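The following pair of complexes shares a single chain, chain A, combined with chain B in the former and chain C in the latter.
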Partner chain A sequence: MDSLYNFLISKKSENLAFSSTIRENAIETYKKLPLPVKKQEDWKYSDLSNLFDIEYNEVANNFETNLFKIESKNKLVFINGCLKSELSNFNNKDIEIIPISENAVATNLSIEYINKSNNLDNKFSALNTAFANNGVIIKFKKNNALSEPLVIEYINNSKVATFENTKNIIIAEEGSVSEVIEIHSNKDLCMLTSNIVTNIFVNENASIDYTILQTEKECVKINSHYVHQYKNSKFTAHTFQLDGNLIRNNLIINHENTHCETSLNGIFFPIANQHFDNFTIVNHTNEHCTTNENYRGLANDSGVGIFTGKIFVAKGAQKTLAQQSNKNIVLSNKAKIHSKPQLEIYADDVSCSHGSTTGQIDKDALFYCQSRGISKQDALKLLINAFLVTNIRLIKHKEIATFVEEKINLKLA
Partner chain B sequence: MIQIKNLHASINGKEILKGLNLEIKPGEIHAIMGPNGSGKSTLSAVIAGREDYEVTAGEIIFNGKNIIEMSPEDRACEGIFLAFQYPIEIPGVSITNFMKTALENKAKYLNQEPLSAGDFLKKMKEKKQLVELDDSLSKRSVNEGFSGGEKKRNEIFQMAMLEPKLSILDETDSGLDIDALRIVANGVNKLKSPQNSAIVITHYQRLLDYIVPDFVHILYKGKIVKSGTKELALELEAKGYDWIKAEIDA
Partner chain C sequence: MNTDQDIIQEIQNTDYKYGFTSDIETDIIAPGLNEDIVRQISKMKNEPEFMLEWRLKAFEHWKTMEHPKWANINMEIPHFQDISYYAQPRNKPKYDSLDEVDPEILKTFQKLGIPLEEQKILAGVAVDAVIDSVSIHTSFKSQLKEMGIIFCSFSEAVHEYPELIKNYLGSVVPYTDNFYACLNSAVFSDGSFVYIPKNTRCPMELSTYFRINATNTGQFERTLIIAEEGSYVSYLEGCTAPMRDENQLHAAVVELITLNNAEIKYSTVQNWYPGDKEGKGGIYNFVTKRGICKGNNSKISWTQIETGSALTWKYPSTILKGDNSSSEFYSVAVTNNHQQADTGTKMIHIGKNTKSTIVSKGISLGKSNNSYRGLVRMAKTAENARNFSQCDSLLIGSQCGAHTFPYIDVQNNTAIVEHEATTSKIADDQIFYCNQRGISKEDAISLIVNGFAKEVLNKLPMEFAIEAQKLLAISMEGSVG
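Moving on, here comes the complex of A and B:
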């Protein structure tokens, strides 16, 4: 029946992240939660129920080089979901890193962080809470600006079907300024399904600029980020789904106090049979918070791209400013884009807007370029780059911006 | 320069051009006039290679090559330029980037070295002055938020940059005030040479006061029904199209 659960329960795991009470509760909850099938609203466009029927095996974690690298003194490398400390390094002055384990969670985290990190909102997060045994707790030190970004590399190369639960907890202490770059990039075919949950706490006056760069071959990935923002904090996410097989990104933002600022910037571009799903929720529960969400999608061949964006504005969240936009271009007759923008507002003194468009490339503009001698291929690149330019301009690192642009141009060719 | 023989073209199964003949020699300016729906814009789109139109018969010989099967970009690189009646807005693409890409494509097609960055900018500056195009416009997106006059001047500016052998001005005068009209016409006249030709499509004789044509043709029901010199345009202005229609339909 549930071969995934059987695999995980039979696997000998050390250093589990949470205490037995939390884990047992997570297992009970997991059993009660529905499978992610089309009938479930949150999984309407991504039926992942087949992931529970695969025969999984354990895997050795050998190192292999990845496709895209960013040089930094602060680096964490995960191979097939496991942290490789020999490949990782970081500057103690800026960051404190503690491997996650029952002990670490118990001794190093306050009860509030633990309560907010044992996620149980769907079958994947419950599995992660029950079985996560890889990962770290990362602390960005108080009132300190990180000199170099923290790069988290996820490299997968498993040649057997396997399933890994990775859990990272990032705590940006008061007044800290930091940048995190998550890179998912493996060169070769890989049969790992990774279920990564990252809990991010952005404390008072702290800010994090967080990039998720996904460019890998044949991977199944459920990548969830639960973000908790406190007073005057700032959280910016840039998500780029450029390659992979089946990707589901959950990005859940909670405003725990007033004057939080959230920016969500995203580009997704499935081609061939790629299936890229973006699921975002921003919970405005406090006054004077701002959200700016901008996702742009492209789809070619038989690719499927999905954007779901929910913004909840609770009754007390007056003076909320929330803007959400999702624009898509479908480049072939078989490609699909599903866009579901949602605003749910219970406060009466707010300014909120949302919009979504999905269309084809503007034929008049294409002809206009061609009539000036620009080849159809170059004209297409010119128009697509223009379509994405506002999202790309938000990227801090020039090398990432260049990589994203080049990757997109390569996929257009 | 260009010979159009027995050209038949249709869109969505509807025939618009019904056996059009036209020959233009180097250095000549031909005006094409005609009532609404006679096929003027179709003719310009078909010469430029717009794929929505299907050429069902006839040929277009441009400098010795039949261009019917050629892509729009190859035709442009061969030296055909279409100034659009309604220039297209391209948000996010600056005029500088647009022209740079166009010139690079053209150089590649002709197996030439592309201009150096310095020479390119020099040329941009020079050609902008020709049509009195504001310097700040070139940093803005192509035609986005431009006034009617700015859009048309931008068309002539692009023409100057691309240095075509045959320019087709599709109702470039529509939507222009007298001053803008003078600037646009001035630009066209300055680009005139014994090697270059132009087709000027217009509704009004007014433009032909500024751009003096060697020949005037009247297009009606997809064919050229009358040709003459610039006096024909004056006659049309005075008498309208009814007498032509009566003559042909009779």
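Moving on, here comes the complex of A and C:
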């Protein structure tokens, strides 16, 4: 087997929530699944097969401060993929948290959630199911609106090459309203490859507003979210890929019942040698569901930005409304943008559309600004901010919006 | 008034109008595929040594290839050893006048509505008719010859213009390109060859009718069109095939080359047997069509109407190499019953200021699936390149599918790429609007579908536009007139 597998199998695992049958099955599946190479359609633009051949080592988890912080009473901190309870706190009234090292049955958790979190669709997810030894199960209580957002911080500082599997499960109980902010940030170069899988269950009439903010130094990250939406539920995701080295975000939405509403909002901006890959699938398997997807991409230097968005409408999923838009700006001659919006439709009474454009800054607009005494650099910032404004306006938190704007301006300089 | 269900039912019950078999005696090589068969084909066609070498190289390579899996298509991989790779009418066609042609063949053409004589006079079309694999009749050849235009069958070109063939064969679609192009390179039977000399405008539309006739015979055509500097040609390709129960394989290769300031317009109407209502039978159509705008300011435009075949797998593509070169792709694909189509285009921009336009319309009925798959690539060198793509799909009936898979790769900060796609059914308010004005539901659907495809139909040469409309009508009969 590959060296990654050998490394993981040698590590001790403390995951009691997932039965040994599930995990052994995941190992078998892992062995059968193909490597993520360019020939695999889903990995066409990101060949990650080399991650399986690196010699990995174990690492100590020391705390280090992160780059960007949001004050909240509800906070979970993961250092190098491992939950640090001394740094975490949360309000028991709103949230219940169970580490996955505890037996799920003993904690009265419906086994259905565990079974549905048995993700095996690619090599990384199978690996995660088999070897995840970190992570928590988070429950947002029934008919309760969260007073402050739940902040999940992922801080990595490993100086040796290592690989961590983290698996989180978020359950929004019926009628709950919540907000989650996932922050990936660290100050220094980091040798950790993290493979994070989050399963999110949005139950009947519940709603989650989910922000993923990625702003970290040199790191390799495979960040997957599997969202299961039930009747009348609402899920909104904001993804901001601002810094990192090699990032692959998988966002897979399943509509398990009717009248689901999904909004996916994203910005990616690779510069230097950054490689940012966004992979989204929305499975419309039921009637009367709505999807709104809107991604904007910028690429400078030798950066590579990728958007793959698939909307799948199954037979019988009538009255589906799905809209997908991906607009990109290439700022340098070495930068690359790959855009692959897809519609796969097997029902007739639907209204689906997608649009994708890739271009550059309008020279006339730039000239217009310059002729009015605005420097070229400022004019560029102005136009890029205008290009991104619809996405930034969707952000609920002013702090995050300001941070995203500042970060982009900094990268443009 | 008919309900939707009635109309859909009626469409599905329409039989294939052009399904008949002409009894022409044909010479067929025994089924199978090995080096000897390749040698035999080459020998029967009396080919020069270089062609045989090329075929054998292709065959060697083909043996190392695997059947591709990526298309959005459900199919059984053909049994390549059960196919006969060459068939030709026994009466070796060397006619001076039409009277000498087997009357059965003439009858077939008449049923298809391509009376050679009439077309010669009325439409001014030179027809290079291909039945099974050998050219039967080439008209207007002498007139074209005077202008220096070469329009002949591929096997003739191999003998008479070996230098041109050596130079250009496989230069756009190398035999290593893909599984079916490679197979074609090894066993291709015949096809058309067109050469337009410098600064010449071909005075008429050149056209070829392909037809698959003998049971279990793969049709492996090869077309090569070369437009020298400053020349222009419009080429039409039309297809119909009789009913058969087994799946027949068709894997053609088309290569277009335009030099400085030249233009090629390539139009296709494809109406091969799509199989019956249960999806039994029908043609497998795996075609590699590719053009290269080699010279500056050159242009290639593709127009296609796809209504037939059980499986269509086809991406007419253009490599825009010359500066300021441009390309267009206009397509209407209609699928009914159990038909499956995975079609689209590739536009590869290499030269500066290159432009491409893609307009693709898919109409799905019955239990069919219709996919658009396209690639637009802007290379680093493609400064100020521009692309616009539009893919619209119309769904009629709740059991069919319409899919869009565009691939957009931009490696350049001066290029602009736009893509948009929509999928929907005919809106109730559109039909209601027509009903209000006294137009019946059937006529309303017809009106809307015609309007939907108009943008593409308008791009066809006159002679073809009429046939294309007829084909659309047949494909959707019952609701569309």
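Points worth noting:
We take it that the second predicted complex is superposed on the first by the 404 of 413 C-alpha atoms of A that agree within 3 Å, B and C clash if a C-alpha of one lies under 4 Å from a C-alpha of the other, contacts with A are read in each partner's own complex, and residues count from 1 in each chain.
Methods note: a residue touches a chain if its C-beta (ideal position, glycine included) is under 8 Å from a C-beta of that chain, and two chains touch if they have at least 3 such contacts.
The shown structure was predicted, so the numbers you read here are calculated from the model rather than taken from an experiment.
Upon superposition of the two complexes on chain A, no clash is found between chain B and chain C, which fit side by side. In the superposition on chain A, A:115 makes contact with neither chain B nor chain C.
Rounded to the nearest 10, the angle at the Cα centre of chain A between chain B and chain C in the chain-A superposition is 70°. Taking chain B and chain C in turn and counting the residues of chain A each one touches, the greater count comes from C. Once the two complexes are overlaid on the shared chain, A:330 sits against chain C while remaining clear of chain B. In the superposed model, A:357 makes contact with chain C only, not with chain B.
In the overlay built on the shared chain, the residue A:50 is in contact with neither chain B nor chain C. After superposing the two complexes on their shared chain, the closest approach between C-alpha atoms of chain B and chain C is 13 Å. Chain A meets chain C in the complex at residues 41, 315-316, 318, 328, 330-360. By the touch criterion stated above, chain B contacts chain A in their complex at residues 48-52, 71-73, 76-77, 81-82, 84, 87-93, 97-99, 101-103, 105-106, 109, 141, 158, 162. Listing the residues of chain A that touch chain B in their complex gives 362-365, 367-376, 378-379, 382-383, 385-387, 389-390. Residues 70, 72, 378, 380, 393, 395-425 of chain C are the ones touching chain A in the complex.
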